[in-house]
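In what follows, chain A forms one complex with chain B and a second complex with chain C.
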Partner chain A sequence: MIANAARRRAPLAVLLDRQSVFAWLMMALPLAFLAALVGYPFFYGILLSLQDRPVAHVGTFIGLKNFQTDLHDPIFWQVAINTFVYTGVATALKMVGGLCLALAMNQHFRMKNLVRALLLLPFIVPTVLSTVAWLWMLDPAFSVVNRLLVALGWPKPGPSWLGDPTLAMVSIIIINTWRGLPFYGITLLAGLQTVPPELYEAAAIDGAGGWHRFRLITLPLLRPIILIVTLFSVIFTFADFQLVYVLTHGGPQNATQLFATYAFDIAMGAGQLGLGASVALAMLPALALLIVALTIYLRRD
Partner chain B sequence: MTKRVTNHPTTRRGFLNLAAAGTVAALSRPAPAAAAEKTITILHESSFIKPFDEYVVNTLAPAYEKETGIKINYEVTSVGSLPTRISTIAETGSGADIAMNGLLQVIQFGEKYLDVGDIAGDIGEAQGGWYDAGREAVLVEGKWKAIPFSNIGQLMNWRTDWFAEVGVKKFPETWEELHEVGKKLKAKDHPFGFELGHGFGDNHGWLYPLLWSYGGAEVAPDGKTVVIDSDETARAVDFCREFFKDTMLDDVLGWTDVSNNKAWMAEQISCTNNAESILWFAKREFPEIGKVTDQAMNPAGPKGRFHLLNSISHSIFSFSPVLEEARAFMRWLMEPKQLGGWYAIADSYYQPLLHGYDNAPMWSVEPRNLPYRDALTSVHLPGWPAPASRQLAESVAKYVVIDMFAKACAGASTKDVIKSAEAQLKGIYRSA
Partner chain C sequence: MVTGHGRIEHVVRVWLPVGFFLVVALFPFYWMAITSIKPNAELYNKNVMPLIVHAPTLKHYVDLLTKSSFLLWTWNTMLVAVVATAISLILGTMLAYPLARMRFAGASLIAMTIAAIYLVPQPLLFIPLADVINHLHLGNTLTSVILTYPTMLVPFCAWLLLGYFKTVPKELEEAARIDGASRLQTMRMIFLPLCTPGFISAGIFAFTLSQNEFLYALIFLTKSSVRTVPVGVIAELIRGDVFYWGQLMAGALLGSIPVALIYSFFVEHYVAGLTAGSVKA
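This part shows the complex of A and B:
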């Protein structure tokens, strides 16, 4: 009787009970999703970049000619420098600022939870909306910053935040930092809360001051989280589009043109899909190297 | 016992079975009888003049549906996103039947557009003939790939009260004269504000005409030879640098299209290049400013007076499933009754490219708009005198001419900026 019951179990059920099979089955849907929405556009983008492909025309294969064109395009090099500077400085500022923010938020004070929630706002508000608000704040005629500076003696009408190439780069770095600090802050705060308080107590008993406790306990334990957050932040900042598109559209004179905005102008403005794809793909080597470097560094621990 | 296990919703297997059965049942329901009503979808970019879009939805579409039973679906896309939207439709082969074109789309998508020469020919004959600008805007290899609709002129807007303060009653005739007036006005804290940043229209509206009025050009009429490196271009660049330094706000180097409208309403500037939107908006929202705002043609340079052809036209996608209906609709739309009403509702923000409207009543509504009509005989597409081409579109999208002038104003030498513009154009036109 028992033997009959065992034989009556459907072969499919037996198969599904094996963990390896079940695991792959569960992953099948997300993998299919990724393949369709990330993999397909990625490989199609590579295909496009190897073609001369004006919009609404059939593409002709031209090999690496688009990349050659990019290398000879002085704007491309300016865009590369802009993107590296923008990403480097903004990430450094966000890392330091985020850490300070997290340390401050880790303290106990009244309305702690309300303040934590409010601090998240710059990250949650849609970028386009907050950038339009910044547009008003950076217009010398309406800028509260300029009013203050002029009152303190700066010649009217104050600095031209979006007209001067250097100041324009400073402006987008500031706005990106303002927007990204909460991301760093909240994630590092979560990390801080996993540090066992006994470690601090033991260190305090041994006579370690605040700075020593920070350097020898907090930082080492936070390192993996800092690296992960930095990885995400660098990827998002490197490929940033909305902020620059709304604020300056790459101006003045391409001082704030990034890979993503330049690729968009070429592909959608000029209708050169192949050339635009090649500019967008130029982001890949730098990002890939960075991810590999960070992953190795992380694995080493 | 087995039956209960397999079909009862509270067991996992039972739930899955029921869900599968339900889905199959839903999918196998016979499709509803196909709608007999036909629909034509028109794509338009959101107009600065709200009543213009509303006129289609509230007046034109219902009228056409009453006459023919065909529904008109008027799709509006946000400002600046028209090229992207048309790209998507052209690439996927569906989404709209008729599209509005800006100044570059006819050349970029010409291959997906129907040849509408017969319709355009009939319209031209019936309504006084097309301006040359109309032909320039829509002819691709000799074929009419769109029906011209209008120009959106970019002309000089000036403050009559402040100009009067420095003794100027009529708008200056030449760039040099305007320069002199600007110096005086800047000294009185009423500087000029011409866009030199990466916008879509207010920068092209004066910088290409400036280049042409000094005799400069990007590419020769053969469409291949890059001729930007010339004495004429150098003179235009030198003038622009002095003009910027002596008359303008520093911030204009980073201005996009909304900046000069903002600055005008905030009374920061006394002169700029813009479409009719400043006057239109000022009259409604800031009447005091509206009273002292006037419009004038671009100043002339040594080689003439020019304006930007910022053309709007309509094309029919050749893959549209309702081709005959779309053609019939375009004929109806461009008839005087419909067209005249549509032009008039936007004051004269859209300047007709048919001579039949040269003396239409719409021009007497606001005499200050007349310069926009007079400018129609001297308008050209960016890239002129070269014919429209994909290289021209690339040059505009990469801001070659704009940045050449802007970099000079920011301090670079004339030689350097021209050389770098030439290198860019040579790269762009390498495949011409």
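This part shows the complex of A and C:
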């Protein structure tokens, strides 16, 4: 019957009715868009990294010279260490803090939805704007954080949050954690709510204490969500730009310079597009590993 | 029956940790708000108790709206966010629908590619993209960001919608097909109207991500008249002298309000979208 109906229609309509034809026609425009503005720039970036290419000039092919320059640049190595420290510490803090937040929220209390909405605010407000508030909170002369610390007995004038190399790294890690922690917390909370209460009840009957229930029931069931959230967050922390650009511009003495901000300085500040592209591409091996891992993991669903 | 002892335990177990997280999460916004209504005499006087406002003023807001291009930046940001979101929802649907409903060779490869593209962070692409935008003579036009924001939003919307589309039952579409509707008619008339919640989730996310974008806007928009709020605030409101914090905080607060408002109306959709991917997998 369906075959009869199809035969009566025009050949074009029959062709369009085939799943593969319809699917590829439908996807052609978005795929072309992504090929032009993601695929092409990606490969063009690799080409740029192999060129000596001052801004507004024609590039000359120089092979791997830019990467050699990077490897002999002490700042480049500092940037690599900074980026790994920043990503590692901030991720650990967000994971542990997020889990605590999720556990605290996974109790019965009034106005829970309102509290959840408020807790997510740091994550949804434009990063640059909330970071400016932190810049003011850590201001060398009028820092409210320091005024509170001094009021609590800290010796005047209080820590130089963004002026001291170590403290500057501590500051950007804290602010990144402040912004990203709600994402972990609320996502893990959703995961906690899928744990069947019967499991806890059974464990309680068997005499398992709070810590045992957490370690033997909660953590194993949450593991897939923790893994996905962490991979997501690591990718975007590793390639972070906004926070550092606003707070420290990579300073003092490159102590908070990350791959993204260093590539920006070289390409946009010094006008060396080729060298800048090579610094940005230095992120690729780590990022590619993470992206492939996460893509494969998401596919299992 | 809540006994006195139970009530204290409830406060310690619930409100102590939750309260701590709330204070930490919200203090910067509180500080933003009170800074924006303090007179300079209060802001830069270390002998005044800083946590409250003694003589509130709207001067910083008046200055912000009359002496800077803040209103223009807000208009630019809104325009870009709305158009980029619309483009991304349409293109994202065109990717997600076939992937959710059709069987064809290469489908899983395309789905993987889309997920991977979504995870490519902007700093990997901004240098070559800047060159592309220059070649197209799109520097200092809103078109430059309207074109480049969807590079991250389309894969994102496609991925989120793909998950949503798979949860919609197929029976109505099958009935429409038996009644002789073409695939396109089935999609437009039967399927898409069922997916409003998915579109709201994806739309809010795309909108907030557009409002949040900084790197492309910083590079492509260097004239005040085409700037977006984040770039305008950073590039023009931070000046050498110290007496600008009131205006800066007023700008940060006003710039956050559109996102916060939309978010407050659709917070359930937002949380649903946030957790959809990770919980389902």
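Quick note on the criterion: the second predicted complex is superposed on the first by the 251 of 301 C-alpha atoms of A that agree within 3 Å, B and C clash if a C-alpha of one lies under 4 Å from a C-alpha of the other, contacts with A are read in each partner's own complex, and residues count from 1 in each chain.
Going forward, a contact is a pair of C-beta atoms (placed from the backbone, for glycine too) under 8 Å apart; a residue touches a chain by one contact, two chains touch by 3 or more.
In this text, all values refer to a predicted model and were calculated from it rather than measured experimentally.
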*With the two structures laid over each other on chain A, which partner does A:60 touch: chain B (first), chain C (second), both, or neither?*
neither
*asked:* Which partner chains sit in contact with A:265 here, chain B, chain C, both or neither? Use first/second/both/neither.
replied: first
*asked:* Applying the document's definition of touch, where does A:20 land relative to chain B and chain C: first, second, both, or neither?
replied: second
*First (chain B), second (chain C), both or neither: which does A:68 touch?*
neither
_Contacts of A:281 with chain B and chain C, given as first, second, both or neither_ = second
*Just chain B (first), just chain C (second), both, or neither: which does A:165 touch?*
first
*In the overlay, answer first, second, both or neither for which of chain B and chain C A:40 touches.*
second
_Which partner, chain B or chain C, touches more chain A residues_ = C
_Doubly contacted residues of chain A, that is, touched by chain B and again by chain C_ = 139, 141-142, 268
*Quick one: which bits of chain A touch chain C in the complex? Just the residue numbers, please.*
2, 5, 13, 16-17, 19-20, 22-24, 26-27, 29-31, 33-34, 37-38, 40-42, 44-45, 48, 100-101, 104-105, 107, 109, 113, 115-122, 124-130, 132-134, 136-137, 139, 141-142, 144, 147, 178, 182-183, 185-187, 190-191, 194, 224-225, 228-229, 232, 235-236, 238-239, 241-242, 245-246, 259-260, 263-264, 267-268, 273, 276-277, 280-281, 283-284, 287, 290-292, 294-295, 297-301
*Mind listing the chain B positions that touch chain A in their complex?*
83-84, 87, 90-91, 104, 108-109, 111-112, 196-199, 249-256, 259, 262-263, 266, 268, 390, 393-394, 396-399, 403, 406-407, 410, 420, 423-424, 427, 431
*Touching residues (chain side chain C, partner chain A) in the complex*: 10, 13-15, 17-18, 21-22, 24-26, 28-29, 31-32, 35, 43-44, 46, 50-51, 91-92, 94-95, 97-99, 102-105, 107-108, 110-112, 114-117, 119-132, 147-148, 150-151, 154-155, 158, 178, 180, 182-184, 208, 211-212, 214-215, 218-219, 229-231, 233-234, 238, 242, 245, 248-249, 251-252, 255-256, 259-260, 263-264, 267, 270-271, 274-275, 277-281
*List of chain A residues in touch with chain B within their complex*: 52, 54-57, 69, 72-75, 139-142, 157, 160-165, 168, 248-254, 265-266, 268-272
